[in-house]
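Order as written gives the chain letters A, B, C and D; numbering starts at 1 within each chain.
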Amino acid sequence: MAKVLMKGCEAIGEAAIRAGCRNFFGYPITPQTEVPEYLAKRFPEVGGTFVQAESEVAAINMLYGGAGVGKRVLTTSSSPGISLMAEGVSYIAACHLPVVLVNIVRAGPGLGGILPAQSDYLQATKGHGHGDYKLVVLAPSSVQEAVDLIYEAFELADRYLTPVMVMGDGMIGQMMEPVEFPPMRDLDDLPAKPWAVTGARGRKPNVVNSLYLKEEECNANNWKLKEKYDEIEKKEKRWETYACRGKKLDVLVVAYGTMARICITAADELKRQDKTQIGVFRPITLWPYPYEALAEAAQSAKSVLVVEMSTGQMVEDVKLAVLGSRPIDFYGLTGGVVPSPDDVAERLRKIVS
Amino acid sequence: MAKVLMKGCEAIGEAAIRAGCRNFFGYPITPQTEVPEYLAKRFPEVGGTFVQAESEVAAINMLYGGAGVGKRVLTTSSSPGISLMAEGVSYIAACHLPVVLVNIVRAGPGLGGILPAQSDYLQATKGHGHGDYKLVVLAPSSVQEAVDLIYEAFELADRYLTPVMVMGDGMIGQMMEPVEFPPMRDLDDLPAKPWAVTGARGRKPNVVNSLYLKEEECNANNWKLKEKYDEIEKKEKRWETYACRGKKLDVLVVAYGTMARICITAADELKRQDKTQIGVFRPITLWPYPYEALAEAAQSAKSVLVVEMSTGQMVEDVKLAVLGSRPIDFYGLTGGVVPSPDDVAERLRKIVS
Amino acid sequence: MAKVLMKGCEAIGEAAIRAGCRNFFGYPITPQTEVPEYLAKRFPEVGGTFVQAESEVAAINMLYGGAGVGKRVLTTSSSPGISLMAEGVSYIAACHLPVVLVNIVRAGPGLGGILPAQSDYLQATKGHGHGDYKLVVLAPSSVQEAVDLIYEAFELADRYLTPVMVMGDGMIGQMMEPVEFPPMRDLDDLPAKPWAVTGARGRKPNVVNSLYLKEEECNANNWKLKEKYDEIEKKEKRWETYACRGKKLDVLVVAYGTMARICITAADELKRQDKTQIGVFRPITLWPYPYEALAEAAQSAKSVLVVEMSTGQMVEDVKLAVLGSRPIDFYGLTGGVVPSPDDVAERLRKIVS
Amino acid sequence: MAKVLMKGCEAIGEAAIRAGCRNFFGYPITPQTEVPEYLAKRFPEVGGTFVQAESEVAAINMLYGGAGVGKRVLTTSSSPGISLMAEGVSYIAACHLPVVLVNIVRAGPGLGGILPAQSDYLQATKGHGHGDYKLVVLAPSSVQEAVDLIYEAFELADRYLTPVMVMGDGMIGQMMEPVEFPPMRDLDDLPAKPWAVTGARGRKPNVVNSLYLKEEECNANNWKLKEKYDEIEKKEKRWETYACRGKKLDVLVVAYGTMARICITAADELKRQDKTQIGVFRPITLWPYPYEALAEAAQSAKSVLVVEMSTGQMVEDVKLAVLGSRPIDFYGLTGGVVPSPDDVAERLRKIVS
């Protein structure tokens, strides 16, 4: 398929369709309303079901139901809407169900603003709902990568039977870039889901459940979840490095999403103008976090700078990777203010000097 | 006041009244329904307002309103109910409003079970709602401490204008212990709230708001929040050590809540039977986490063991404190299965040998 | 107490307080938001509980609870909000609970407009919720009468253990008139409610319930309700006549609420200018409807004209009273357009000629 | 198509599909859960969309949306669920939108019981939502007629752009009878809906709206609705008579739904055993009510007996038809108790003697 120029939100919608998703449940919220808008138009054309629910609480419970009957299901929302889904996501994880969530992050907390931010990192990677569960979190830095990670999200969800989130900032959702779509998934060729609740004609009934009144059974389910998360941590870490190989770095910048692209521009600028060696480490999976790869990349750097559109949420993960072996600085702007390459370059110069 | 024998949930309710709270909004959920039950009876006697809302989403928004007009407000819930409050707590934090939440944690994720657990640690300390905000989290290990921390929670909330959570496991809520209540707070003596929305007769109107459509204003509010959190981190860390002073420890156990009491019993047993030196470090504030104090305590230990009723949620914070200087083991049971002193002792023996 | 000049909505709020009501549950909607606004301010002064619920559905269920524990409870709303309470009112009636509802009718159907109307007559008197129950409906035509009927509503509700609605149009709510309040009800002197669910210490538990899985019990409850309604129909019909006594009337106008006042002005005008005899019959209880009194009044008239701010909802009840013995005309304007005395006079002239 | 033996609820579901409906929104409630159950299975086979909403309030608003974009939409519920839809139905009527609702009536008020009843007659025909609107109400007395009236309901809804309700009692829903389905409606052949909100490419945007802030516009919409209702009253009244033609009747029984079948059996019994002439008049449209036809049928009878599974809700409409010219008796049982043919016969004997 040839490249087409598309807005991020619409490309995400199209990618979901091509990845075999025919069921969307959600509620509009800026800056991601273009995804449901796109799917509301496209789904009828491909025999899909689009439901605008009463609220985000209703939507996530519809995902719970849709996943339970074996469908590839999607919701997209933005920060406050994702918060409303915390209980539901915990239920879905507890039941080992595959769902895909997209969070086009806006500035928070509270209503905040409608401009881009990265301030839901901790919610996505550490907390959100209650109980011992984890969310796989994928962070694209371009529209093309958003498309690829949507495909990937559905595959990972089905492979590990777990909720997967694609987390982009408002820039990913709103900017237009050329994008090439992988081939359309054949619906008949999607992973079999023999555990799904599809009517038990001719077989033993399946059960989708998160309630375990016997503590031993609840304990067993939690360790079964833990094993799954251990396996994901072992196999599914993804990251990208820029200008890191075989070099002594003055500073290693750690950033994700579109922020990483801005940091690469800043790094190029410093190399050109100041002859300073700046590498960039970009985690693609925010959970599982590529601690080992980051630790290794940091070995060749004098210091580490974390850059985020937040007051510093990924810093903890960077500390856990570096474990005190390098000084760690942080640079961030929030509330929809996006650091420019010059802003980042300036901060890097300060560190180097 | 003399000591009285009380169930944890009821003592929490009585403590809230004595701390000057006259407004409760919540929704019943096991294992903390005894708190609303107690307050439903007690509040009319003291002129308080008790509202059982339509849902936890409604309840947290009533807290938002109640705090906004300057009242000391309380909700209590358990894990799934707390998840439903994620959006609301983010709004409350963004608006710099003081509220007190109690989470009597039950086994999760999902419906899980109704037995004690500590598996909401990451939700409470790292994530939950969206955006750059933090929740002060206090973890009592006895009914008396629950009472004291409820008082403390209301004072901290009012001092820093921020939501504060008292997080106990189901054991704290259900067990009976003798408890002494601090003196009743005089309602006329509570901190003044000149910012509250109380009708603007004779003064400029106050505004309680989390929406900032200008990114610079949103950014400014986020850094104002960050400064507050920095101050809390500096001033409000609390912890307790047991058998740690001036000793070389074979193992330092890190545990919080009732789990810490079980670990102390295990430590005593090992000292008596095996002549092994086991110290126990108990964080009382889970956020801000007492990293420095823990780092110091770990200096005198050969290794560290984290014990939780979860699959290991506090381990990350312990790693951030110890920063690779000591080996860290984890022992946990979940789903309502509570590790016994013998279970912990056995694990300690394994480590020592 | 001396007369004070008050807006209808505020007078209704004050009347509720004086009638012994200390519990309000509701949700704001134009044109009656001044009632909750007034009570939100006044209730704290008298130790009352004011709750703005999540929705009208939540509010009516809070009334259900409040009435069940023996309190005098109130909600006020306007047309769409009242529709949302249909299920709850049916539950309350089935449980023989006393509640008072105020409907300040706005133009419908749907969102309609926010201007005065009388187009909820059929909903209030015939349908609304499901099942064999009735709502006592009182229709004031002045602010003073609104005050008096609020008192009356609480007394009737408690006497018959049934929901009572005071239904006014937007004019009643918004206009200012001098009003005198009856003396404050002593809370200790309110009717005893030995059936209320107040904690069963020292007595057999009470039960408030509308579910009867045995059909004979459900049938029995329905006939018990029917007996109550028969008694109300026998004892509680209220109406007023104007210029009807001992006269041969050219036309008898039937109208309720503020519309009746407009019709009286029109009748006076016709008497003065045209020497035409026009009587006005004003039902005060819309259910039970004063069929017999209307039938009698119609005997002395050549014809009957029903005037409503609707497309003709009371006409059926007038037909049921007159039973074909007199011709019945209808004149109505809707959507917030209020017929003027001249409009009515013109229509009357047409009929007379 | 040959006759098949089907349960009423399932036949209703199948009829909706064949009538061209591909969109169902609802929430389960006994005794009609078999309809959504059936459609949940059948809709995917025919490319339809089945949504179990969060509540009946959500469901009716989804119907509002679905109708607004030009789809044939259905919900089915039972009494308390229908009450929750009162606000939404008023909006739908105000917007001139075609929807079909099925109410499989259960005993009320409140939770009542799950057994058959006819106690939502007044709600369906007179009240329910707010404002000047009417609901077309069709009352089948057999499974075959339920099927036929479902077709008819969709046609009437589209012809008059108005909500139409098919109201059956629990017996209609639960009993099995042989049924023949009319031919499947060709989806391409459904009535054009040029007013629907389908995206305005190449044409002026359509608007679906019930808010009229200018009172003259609101008034105009109400009289436009009234004209429509007048036309429906003129053209769409339906009824059936049994043993009424050319006879002097001792009693004319008026009954609808399955109750009418029981009354016919009773009439036959009396004819055979007592030589008494009993006619039965069965309204099929409850609104518009066939007043004139009933008045005519009553001419040949000495008296009229209304039989309902309620405490007497249709009696008023019978009075409006008969207008005092014949004595009217009522016989009813409620709460799920179904009068038997012998019960009715006994009551008829009492009247005759």
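One rule holds in what follows: a residue touches a chain if its C-beta (ideal position, glycine included) is under 8 Å from a C-beta of that chain, and two chains touch if they have at least 3 such contacts.
In this text, all values refer to a predicted model and were calculated from it rather than measured experimentally.
K.L.:
If every step must land on a chain the current one touches, say how few steps get you from chain B to chain D.
P.N.:
2
K.L.:
Suppose chain centres are the mean of their C-alpha atoms. Which chain sits farthest from chain C?
P.N.:
For chain C, the chain whose C-alpha mean is farthest off is A.
K.L.:
Taking each chain's centre as its mean C-alpha position, how far apart are chain A and chain D in Å?
P.N.:
The mean C-alpha positions of chain A and chain D differ by 50 Å.
K.L.:
So how far apart, in whole Å, are chain C and chain D when each is placed at the average of its C-alpha atoms?
P.N.:
About 29 Å, centre to centre.
K.L.:
Please work out the Cα centroid separation of chain A and chain C, and write it as a whole number of Å.
P.N.:
Once rounded, the distance between the two centres reads 56 Å.
K.L.:
Find every residue in chain C that makes contact with two or more other chains and list them.
P.N.:
Only 57 qualify.
K.L.:
In the complex, go through chain D and note every residue touching chain A.
P.N.:
41, 47, 49, 51-55, 57-58, 61-62, 65, 199
K.L.:
Which positions of chain C touch chain D when the two form their complex?
P.N.:
57, 79-80, 82-84, 86-87, 90-95, 105, 107-115, 117, 119-120, 122-133, 209-223, 225-226, 310-311, 313, 316, 319-320, 323-324, 333-337
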